[in-house]
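Take a look at these structures.
Below, subunit A partners subunit B and then partners subunit C, in two separate complexes.
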Partner chain A sequence: MKNNFFTYTKKQCSDLIKGIYSNKVVLMFLILCIFGISTTGKPLTYTISEVFSRFSRNTFLVLALIIPVLAGLGLNFGIVVGAMAAQIAIFFVVYWGLSGVSGLLLCILLSTPIAILFGYLTGALYNKTKGAEMISGMVLAYFADGLYYLLFLFILGGVIPINNETLMISGGVGVKNTIDLTGNLKYSLDNISMLILVRTILTLYFIVSFANLWVRKNKEGRTIQIIKLVLIPITFGITFIPMVSQFMGTDRLLLLDAITIACVIAIIYAVVKLISIRFIQKDKDTDINRLISILIVAVISYGLTYIPAIYDITLAVYLPVCTYAAIILLCGFNRWLLSTRLGQNMRTVGQSRTVANSAGINVNKTRIIAMCLSTVLASWGQIIYLQNLGTFSTYGAHTMVGQYAIAALLVGGASVQKANNKHAILGVILFHTLFVVAPLSASNLFGSALIGEYFRVFICYGVIALSLAMHAWKTLKKPEVAKGDK
Partner chain B sequence: MNKLIKNIYQSIGLPRLIIFAFFILVVFAAGFYNMDVLSLMSNVLRRWGMYGILVLAMVPSIQCGNGPNFGVSLGIVCGLFGSLVSIELDIANLSIFADNKHLGAWMSLLFAVVLSALIAWFVGMGYGVLLNRVKGSEMTVSTYVGFSVIAFMNILWVTLPFTNGDIKWPIGGEGARNTITLANSFSEVLNNTASIGNQDTGLFVPTGLLLFFFLFCFIIYLFLKSKTGIAMSAAGANPNFAKASGINVNKMRIIGTALSTSLGAVGIITYAQAFGFLQMYNAPLMMGFSCVAAVLIGGASTTRARISHVIIGTFLFQGLLVVALPVANSVLTGTDLSDIIRMIVSNGIILYALTKAKGGAANEE
Partner chain C sequence: MDTNYVLRMNNISKEYYGTQVLKNINLSVAPGEIHALMGENGAGKSTLMNILFGMPVIHNTGGFDGTIEVDGVPVVIDSPHKAMELGIGMVHQEFMLLPGFTITENIKIGREISNPTFISRIFGKSLEKLDQKAMAKDAKKALDTIGLNIEEYTRVKGLPVGYMQFIEIAREIDKSGIKLLIFDEPTAVLTESEADRLLDTMRLLAKKGIAIIFITHRIDEVMAVTDSMTVLRDGSLVDRVLTKDVNPVRIAEMMIGRKVEKLLDDTDDNRTISSDDIILDIKNIEVKMPGERVRGVDLAIRRGEIFGIGGLAGQGKIGIPNGIMGLYETTGSITFDGNEIDPKILGDALKKGIANVSEDRRGVGLLLNESIEQNITFTAMQIQGKFLKNYGITKLYDKKQALEHAKNMIKTLDIRCTGPDQAVGRLSGGNQQKVCIARALTLTPKLLIVAEPTRGIDIGAKKLVIELLAKLNREQGLTIIMVSSELNELRSICDRIAIVAEGKIARILKPEDPDAEFGLAMSGVKQEVHKDE
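After this line comes the complex of A and B, so read on.
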């Protein structure tokens, strides 16, 4: 048994090392980041807290790129269009003077239909330019930029009368360069307390499992479901205990607490699973090595927080709970989508349109659905980004969205054909670490922050160019192999 | 008769028809608003020559099968580098040209053109090797290669040790300036050679500039009619057939790319001399897109382009932008629509061409 676990660990570790080694881009960025961090001349806490805040801001947008890759549409440079949908919604919400959670909800409500429309149009365009989606997406982004300027500089105020001196350029035609979100939408998602979040999720979960029990009348697993239904109100009740509700009333979670909670949850999950497999189901064959490794990793990472240097960092970083919850939910959604029929269809379309077509899948429709999903997610991502940033630069906020998100995804080891949540998360961490440290180290090493500034832009474009070239190179080689097979 | 009209319509194409009609409309509108149509027209002529060679750079790239060269920025940075060297060496003010300023300016221009075209040729050959590796997605790759080259050169512009006062910042600052004046070297030397009319009043024809543009058009035309040129076009039109006829397709594609990059270098120098300034850093980032749009407006597709497409396309595109700006400004006071029109028209036309590209550069399975 022990020997067995040992071999498992060895295999996992060697897989990890092999994975990093085979993925040169990740390796290179890892080295660059470590070099950058060691030469910033600033305390480590500064870099890490900066990276965490950028992580919460940008990850949602990067995750929005995964679905199109799955459906074979490549890297969706058209997420800029989704960001524009969000910005149109935000402008009107600010204009109508809504704020806080209601403003945020209205933003989402307003931007979703716009984003669906934009996504549909983008998808239709991509269907007309099959095989050249990426270049079409790039050009589309600039084209849409022109239309966006037209809307914000001329139609708003010129055609649609808008009377608001703080928003409009004096003269009444065209929107000002920057819109301050302080006092209306700033931190509207970040500031939602854990308590509300947990209660909402519990209520939703209760409704879903109740409906599940009601609709599916099969007897199997009924007891477990009933236990669930009883447990949910109990957990709900726990949140009313003063101590708990006081702890959960805050909206920012200390990194130390977050690690502790995550470790405890992981340990409980692993132990419960272990017990249920070994002692309740008495199943000897199921592989439990994964659970054991979860246990060990959780214990080790909890232990690591007692190292003074790490302890200091964990005390300096606060995480906005709701934003992170949104990111985790989206990760879950991306995984869940794969298990559905639609997700499988997308995968088939992504692998071969001809095969998908002969299997009776409506290729064009599937691609349009993928684009709609991606665009809607991108618009939500942009709302999260802007509410965290607090200033909405009307004509500049969306321009680099696509490029930064795509570069981040590629840095994480994704390619034009393969991308998942892990790539996105790793990529955001590496890319934004580099973004934070590049100007600092350059000014430290060369005495010029400008070099670092240009260097990070170069890295952003360079990594996209490199991986696009690598992809094209690979696909060029592949047909020769495929021909041999046929 | 009906068929004839249909044929003509098809050969002109819907987007060109719309843009041409719009151009005519805008010119009439300019007259209607009592604008100085003559000075507008001289502006159109100036911009025609100014952008012409950059747009011409698209032709070899399209003909050799690489599609529109979005990575023309590679040539542009070579051109900028050549001009910087020419300014740094102060060729225009060498003692041998002391009594003939005009000749000095010409020499500094020619030096910049020859040097940067040479550098660009070698850079373009390397770039061609890369594009041969990524057949089928040249446009996507070249766009990002272009972007990253601009970003990379930004680092170089900051760090290169220039000593000439025109290039350095006057006080403090690092590296080259954002815009470098050409007043002491070759500013407007082509425009003023054998020019007709007066710049301040009435029609001004920059004969030298236009002749320079047409000269390059003619050279490329001759090249395309030469043995190598025909082989290159064949390699672009049908690689398999070309291979069967004993043409080295990859070599032809490299020649096309190198030629395109060199033309890009010459193009930016012509542009800069007409403009009077060198624009450094991120200024040339989106220039490739405008050039692609211009040649597509002229009637080219992503797989076929002729010299006539360049001449017509540049005239229509730049003409539209030049005339539309003051008209739009007088119709809608306080709104600068010209840049917006440029973005919508240029990117819209590229999108249109992409949807029309069946097979060819668009990589179908």
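After this line comes the complex of A and C, so read on.
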């Protein structure tokens, strides 16, 4: 067994190294980041806490890009329209004077149907321009920009009467350049306490399990279902214990606590799984190497927090729990979607439309669904982004959304045809580390922060151009190989 | 005798835009029978199969006449999906496999097994969770049936071509209730041993009661594996015969045989062609033209002759002229009139006196939006510097001279047009072809290569083009290499005809040789045969 596990670890490690080595972009950014971090002239705590806050702000948007890549639509520059849907919703919510959680929920409620409509239209456009989705997406973003200006500069106030002096340009036609979200939507998601989150999730889970028990036709596995139903209220009850509810009453979680909790959950999961496989099912075939490695990694990560330098950092960083929960949920959603029939259809369409068609898959419909999902997720992502930022630049907040999110995804090692959660997460970390570090290093080394600013803009577009060129080059080369000698 | 046929297609006729491509075709296959469907390119095999599969291309062009019966029940097949439901499966010539998917996923494509979950109960079937284990089990079963020993979770990417064919078959037989399986040129891309295994698999499937339609050009395979065959020629039915009643020569005759329409009236032939006077000597050339690969060809063209190159599409006959002209990557030695031609240098052959009329008239051959005059003079101007006036500092186009030449050509070649300034895109196919030839002649070549000179032009114009070529040959002593898929055409004009198969010269025949000789050379026993276009 031990021998077995060693070979498994070796293989995983060598795969990882090979993966990084074969993906030169990731390697390059890793080196740049390390170089940048070492030359900022600021304490490491500062950089890391900055990166964490940027991570919570941007990751959701980047994750929204994964589904279109899988469905063969390439990098969706059209997420800009999703961001616009979110901004329209935010404007009205601010105008109506809602704030906090209710404002946030209304934002989501409003932006979702708008985003679905936009996504449908984008999808329909992409279906007409098969093979040129990315350039259509870019041009679409400019076109949508024009309509967006029309709406915010003329229709709001000009056609729809809006009486609000803080929001509107004096004269009453057109919306002001910036909308301050402080006091209404700022931190409306970040500030939801863990307690509410946990209780909401448990309640929802209870309802789902109960309904599931009711809908399910076959009686198999009923006992497990019932055990679940009993366990959930018990867990719910635990949250009322004063000590627990006090700990969970906060909305920001110390990084140290987060790591501890994650490690404990991972260990419990691995142990429970191991026991159930080994001793209850007595299943010899299932690969348990993965579970063992989870155990070991969890223990090591926990051990690492006792190193003084890391300990200091973990004490300095606070994580907005709900935002991270949303990111984790979206990762889970992406994975879950792939295990469904719809997800499989999307992958099929992504690989070859002809094959999908001959297998009886409705290609156009699948692509439109993918676009709707992506646009809706992008609009939610933009809401998360803006509520964290706290100010909303009416005419500028959406313009760079597509480029930055795409660049981040590509930095993580994704390509036009291949992207997953790991790429997104790694990409956001690397890309935003560089964003934080570049101006600091530049002012430290050259005495001018502007050089760093130029550098990061250059990097953003450079990465996109490089990846698109590589994609074009690969697709050009492919047909020859395919048609060549057998 | 009343056999129970699994499939009967009765009196199938089909027109594409007024051209009759199928005339009263009957096709019937019994359960467990391996039935060959044979015919040349354009004989109507693909159209017949498209009809059977209810392909949109059929319905978009006005449907077809005739009836289809499956298991004795008349059916209407209006979509590929319907064909699938009726138990008709197809093993495609180009692999319909996704390289990024595992074998299981490929076999189960579009027919994944899924379990309902809570969410799918609310939002519909498409959100059901895939049951990977059950899918793997089914895939394994299908692979075992055809005797393919491979792990079902391997990715298709990187598998040998031979395996892919078998995965396609596995996918078809995994479909429940499959009654009829169509193999569209399955052995075209396989090596000999792989092809043998495929034939074994076909026998195995037939034993299980599945009817098989086997589309192929390889007569030896047909003899080896089939029970019966239907032969098509030019869209009409030649015959349905039992394999044991015929021999390869007879099959070749049925596929090729037709009355030779004379495209060329007898003319005075006072040429003297010597087999020692070689104008073009090709040794072992290989051309990497996609879809028309040449794999080592030796040819010696005699001065003053018309040399034909024939063969089925995809066998490499088009690759030979493209290789000589240096349009695709070429290796080997080409000696022309004592000079070595380097195929790596584009235009080298042109400079040394070989003119080429491309098979792709509208794509490569002509500048469609330019005038006749421009088209005729263009190549000569670029290569030989004709029609240019030297002003010392610079050379400018000599419009007067060019116009005169174009008018001259229009007169000699009888190009029907409104004048030399008419855009060639507006001309008819035959006249466009004449412009191409005029351009080639403007180069005053010693050797003219024409590829598919009669493609897409009507019969009257065809005759004119052929006569023109003969005239050039007889009167000016121009050596001509003519590449064509129309055997009839080659046989009416050429002195010798080389048949290309599998990128090599199969045989060099005389035009008077019997049909069967040509048929066997083209779809020959022991030769790898062609891909349908």
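As a working rule, the second predicted complex is superposed on the first by the 482 of 486 C-alpha atoms of A that agree within 3 Å, B and C clash if a C-alpha of one lies under 4 Å from a C-alpha of the other, contacts with A are read in each partner's own complex, and residues count from 1 in each chain.
As a convention for this text, a contact is a pair of C-beta atoms (placed from the backbone, for glycine too) under 8 Å apart; a residue touches a chain by one contact, two chains touch by 3 or more.
Everything quoted here is computed from the prediction, not taken from an experiment.
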{"item": "Which superposed partner A:182 touches (first subunit B, second subunit C, both, neither)", "value": "neither"}
{"item": "Partner chain in contact with A:354 - subunit B first, subunit C second, else both or neither", "value": "both"}
{"item": "Contacts of A:223 with subunit B and subunit C, given as first, second, both or neither", "value": "neither"}
{"item": "Touching partner for A:174 - first (subunit B), second (subunit C), both, neither", "value": "first"}
{"item": "First (subunit B), second (subunit C), both or neither touched by A:211", "value": "second"}
{"item": "Partner chain(s) touched by A:163 [first = subunit B, second = subunit C, both, neither]", "value": "neither"}
{"item": "Which of subunit B and subunit C A:341 touches, first, second, both or neither", "value": "second"}
{"item": "Partner contacting more residues of subunit A (subunit B vs subunit C)", "value": "B"}
{"item": "Common ground on subunit A, meaning residues reached by subunit C in one complex and by subunit B in the other", "value": "352, 354"}
{"item": "Residue numbers on subunit A that touch subunit B, as the complex places them", "value": "125, 128-132, 134-136, 138-140, 142-143, 145-147, 149-150, 153-154, 158, 171, 173-174, 352-354, 448, 450-451, 454-455, 457-458, 460-462, 464-465, 468-469, 471-473, 475-476"}
{"item": "Subunit B residues within the subunit A interface of the complex", "value": "70, 130, 133-137, 139-141, 143-145, 147-148, 150-152, 154-155, 158-159, 174-175, 286, 289, 332, 334-337, 339-344, 347-348, 350-351, 354-355, 357, 361-365"}
{"item": "Parts of subunit C lying in touch with subunit A, wherever the complex brings them together", "value": "80-81, 84, 96-101, 105, 109-112, 114, 118, 120-121, 125-130, 161, 189, 191, 288, 290-291, 293"}
{"item": "Parts of subunit A lying in touch with subunit C, wherever the complex brings them together", "value": "208, 211-212, 215-216, 339-342, 344-345, 347-348, 351-352, 354-356, 358-361, 479-480, 483-486"}
